[in-house]
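Next come two complexes, and both contain chain A; in the first it sits with chain B, in the second with chain C.
Coming up: the complex of A and B.
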């Protein structure tokens, strides 16, 4: 098995879920209603838990301790897609981003249940229940708000148009795409994107929202190569503040 | 109207006509029922606010089942829960329910009992009926020999159940101790800190 290809793939997944988990956790205590605050915060915890599980797999492959990897790298060493690091803005953007990201993550994890790398396949089966909830949550809100009032529909539509170029960046191909497919570690970003498109079309088709014409959109790439927006470094500074101040800190 | 009771004096001679109330500026409420373990009855767990039955199900899942074991969950609009008179334990709530003329068949209604003040309503069983009144009456015939404080009746078709393919919602990563306050051992840390402080002085 091509270990470099495998590691690159695991880092990408781990960083996506760590960064989106941290962003979503910024809603804790500020959610639109108490019940949604709890649900969104709880999913953020799930996501950070998933990143820990992935960093643990990487540690078993010879990478450094999960905390070190999570807290001591600089922005240009992160492989998350830029969609996950964008600021939360208002709740309409956060929920649209959550929907676009979670739909892709659910499909990616599901494809990983067939991975030839057995520890990943095992982990993918374990997180299935969490992902089922995340996508049920995202889908239900989009269907509710996407056909509710003029304000909710136009807000979601605006956020959808804003997020879409970044969402296409989820599927930025890795330099090891061929190896990953040939060795059955992962079926590839192209296949994932096809599945994702039909999944979001199915949900958005039940609403009054319109999917922007993808042919006219320039995907925002670079995240997978460590080229990030100006929003990632401040997030990392805040996330790692305690760890960097006192590496042995326990809480 | 002559009275020395100030409460009576405050009442206007003629009540103004009733005005329709402004619609609520918040979401309606939904009742949440949880099955903690396979084979155990569903119990009333609490309430969520939500804009729809489906979102009530989604929000209830995290509000009430994110920590403890759970095998299934369902929700219904609070307005669909019909409530019997409540007793103080000196008599059976079923004795306060009027019997009505019963007909054969109908659709299923779920019946819940409050067995003790301060406890949760527990699912007692199912009756088939053509209305809530008839469901109460049939529940009285079926379960009325038990001493209960209060009875609820809900039409089954008003409930959003967990679908069979959703059973894995509760199969999650098991390492969730960090979610419990006890895992942070705050008391121990505080004790250590205070001991350090007192040994310094």
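Coming up: the complex of A and C.
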């Protein structure tokens, strides 16, 4: 098994889920209704837990401790897609981003249950159960707000147009795409994107929302290569503010 | 978590004049027998008013209390702390949800309660009007403010109003984990580097007065609450609760080698009562009336959250909304 290809793939997933989990946790205490505070916090806990599990797999492959990798790297060493690092903005953007991201994550983890890398396949079977609820949450809100009032529909439409170029960046291919597919570690970003498109079309088709014409959209790429927006480094600085004050200390 | 030392409505001598004396006697007899009062049971107006006020203050304290600790979720050092703190703060918001529901059984809607919170009409625990400057302040809250809350809540869980007691039973079970988490964090600071120890000592110095305030004004100066005690709305005096807290936690703080900033703090072995310097009750009054270090900021955050979420709540009421059947 090409270990470099595998590690690259695991880092990408771990960083996605760490960063989106961090963003989702920012809703704690700020949600439009208490139930949403609680829901976003639950999903954030799952996501941070998933990233810990992935960093633990990487540690078993010889990488540094999970805390060190998560809290001590700089932005250019992170491989998350840019969609996950964008600020939460208003609830409409957060829920649309959550829907686009979670749909892809649910499918990705589902595909990972067939991975030839057995520890990942095992983990994916467990995570799949958590993702089912994230996905249900996202679809419910998109369907409800996407067909309710003029304001909710237009807000979601605007956010959908804003998020879509970044969402396409989820599927930015790695330099090891061929190896991953050939060695059955992962079926590949192309395949994932096809499944994702039909999944989001199915949900959005039940609403008043219109999917922007993908042919006219320039995907925002770079995240998978460590080229990020201006929003990631401040997020990481905040995340490691305490951790970095006393190198080597236990908290 | 939750602040003790609730403020109650002023009780006028004729508060019970309009109540049916027979019903009132039967109501009081039920409480004396240890029965719980349920939402559809007869109750005096004053009982209803005081309970709404108390449960509502408790609920507000949970959501406002989520703010000073919540700001540390994004900065918690390491996976273990980050995940635990997220779960803890989420519990607090969940407590607010339970408590608003308990208060709603008495006839005031969640929306009305939240409006009263953000307009400043109803109160929440004073302790959350103080800032969390460092990670150690956040650990102080998780351990000791939650410990104080448990002292109050365990007592109140034996009160007379059924829905509130049942909510408190569930809340106390979760709070006991918060306490363990908070204590664990503080043990790590205590046994860590000199800088980590110093961080906690400084937090202790900052938080001691608000912690003493937490249980409410001294019995010598607090309002007459005899009827509330008889009705099992209030389950112990402020000083009794404060003494119980000191008795349980001062030895634990000393055990970790920290100095509590009150040279007069000492237990009288004969009476079991703790002697301490009375905290500045003028400061307490000032803060509860809106002039604390963070009152404006806390309410502003809540107000912004309400304002920004309005369109979502309105959309949920729309008849055109696509109903999605939940998957069970």
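In the analysis below, the second predicted complex is superposed on the first by the 246 of 251 C-alpha atoms of A that agree within 3 Å, B and C clash if a C-alpha of one lies under 4 Å from a C-alpha of the other, contacts with A are read in each partner's own complex, and residues count from 1 in each chain.
Just so it is clear, contacts are C-beta pairs under 8 Å (C-beta built on N, C-alpha and C of every residue); 3 or more make two chains touch, one makes a residue touch a chain.
A quick note: this is a predicted structure, and the numbers were derived from the prediction, not measured.
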item	value
Side-by-side fit of chain B and chain C on chain A, or clash	clash
Touched partner set for A:136, first chain B, second chain C, both or neither	both
Touched partner set for A:126, first chain B, second chain C, both or neither	first
Which of chain B and chain C A:25 touches, first, second, both or neither	second
Chain A residues touched by each partner, larger count belonging to chain B or chain C	C
Partner chain in contact with A:44 - chain B first, chain C second, else both or neither	second
Which superposed partner A:144 touches (first chain B, second chain C, both, neither)	both
Chain B versus chain C as contact partner of A:35, first or second or both or neither	both
Segment of chain B that clashes with chain C, given the candidates 59-67, 149-157, 167-175 or 185-193	185-193
Common interface positions of chain A, toward chain B and toward chain C	33-36, 38, 42, 45, 49, 52, 136, 140, 143-144, 148, 251
Residues of chain B touching chain A in the complex	27, 48-52, 54-55, 58-63, 66, 166, 168-173, 175-176, 178-179, 184
Complex interface listing, chain C residues touching chain A	63, 66-67, 70, 73-83, 86-87, 89-90, 93-94, 96-97, 100, 135, 185, 188-189, 192-193, 195-196, 301, 305, 308-316, 318, 320-324, 326-327
List of chain A residues in touch with chain B within their complex	33-36, 38-39, 42-43, 45-46, 49-50, 52-53, 126-130, 132-133, 136-137, 140-141, 143-144, 148, 251
Chain A - residues contacting chain C, complex	22, 25-26, 28-38, 41-42, 44-45, 48-49, 52, 66-67, 70-71, 90-91, 136, 139-140, 143-149, 151-152, 155, 206-207, 235, 238-239, 241-243, 245-246, 249-251
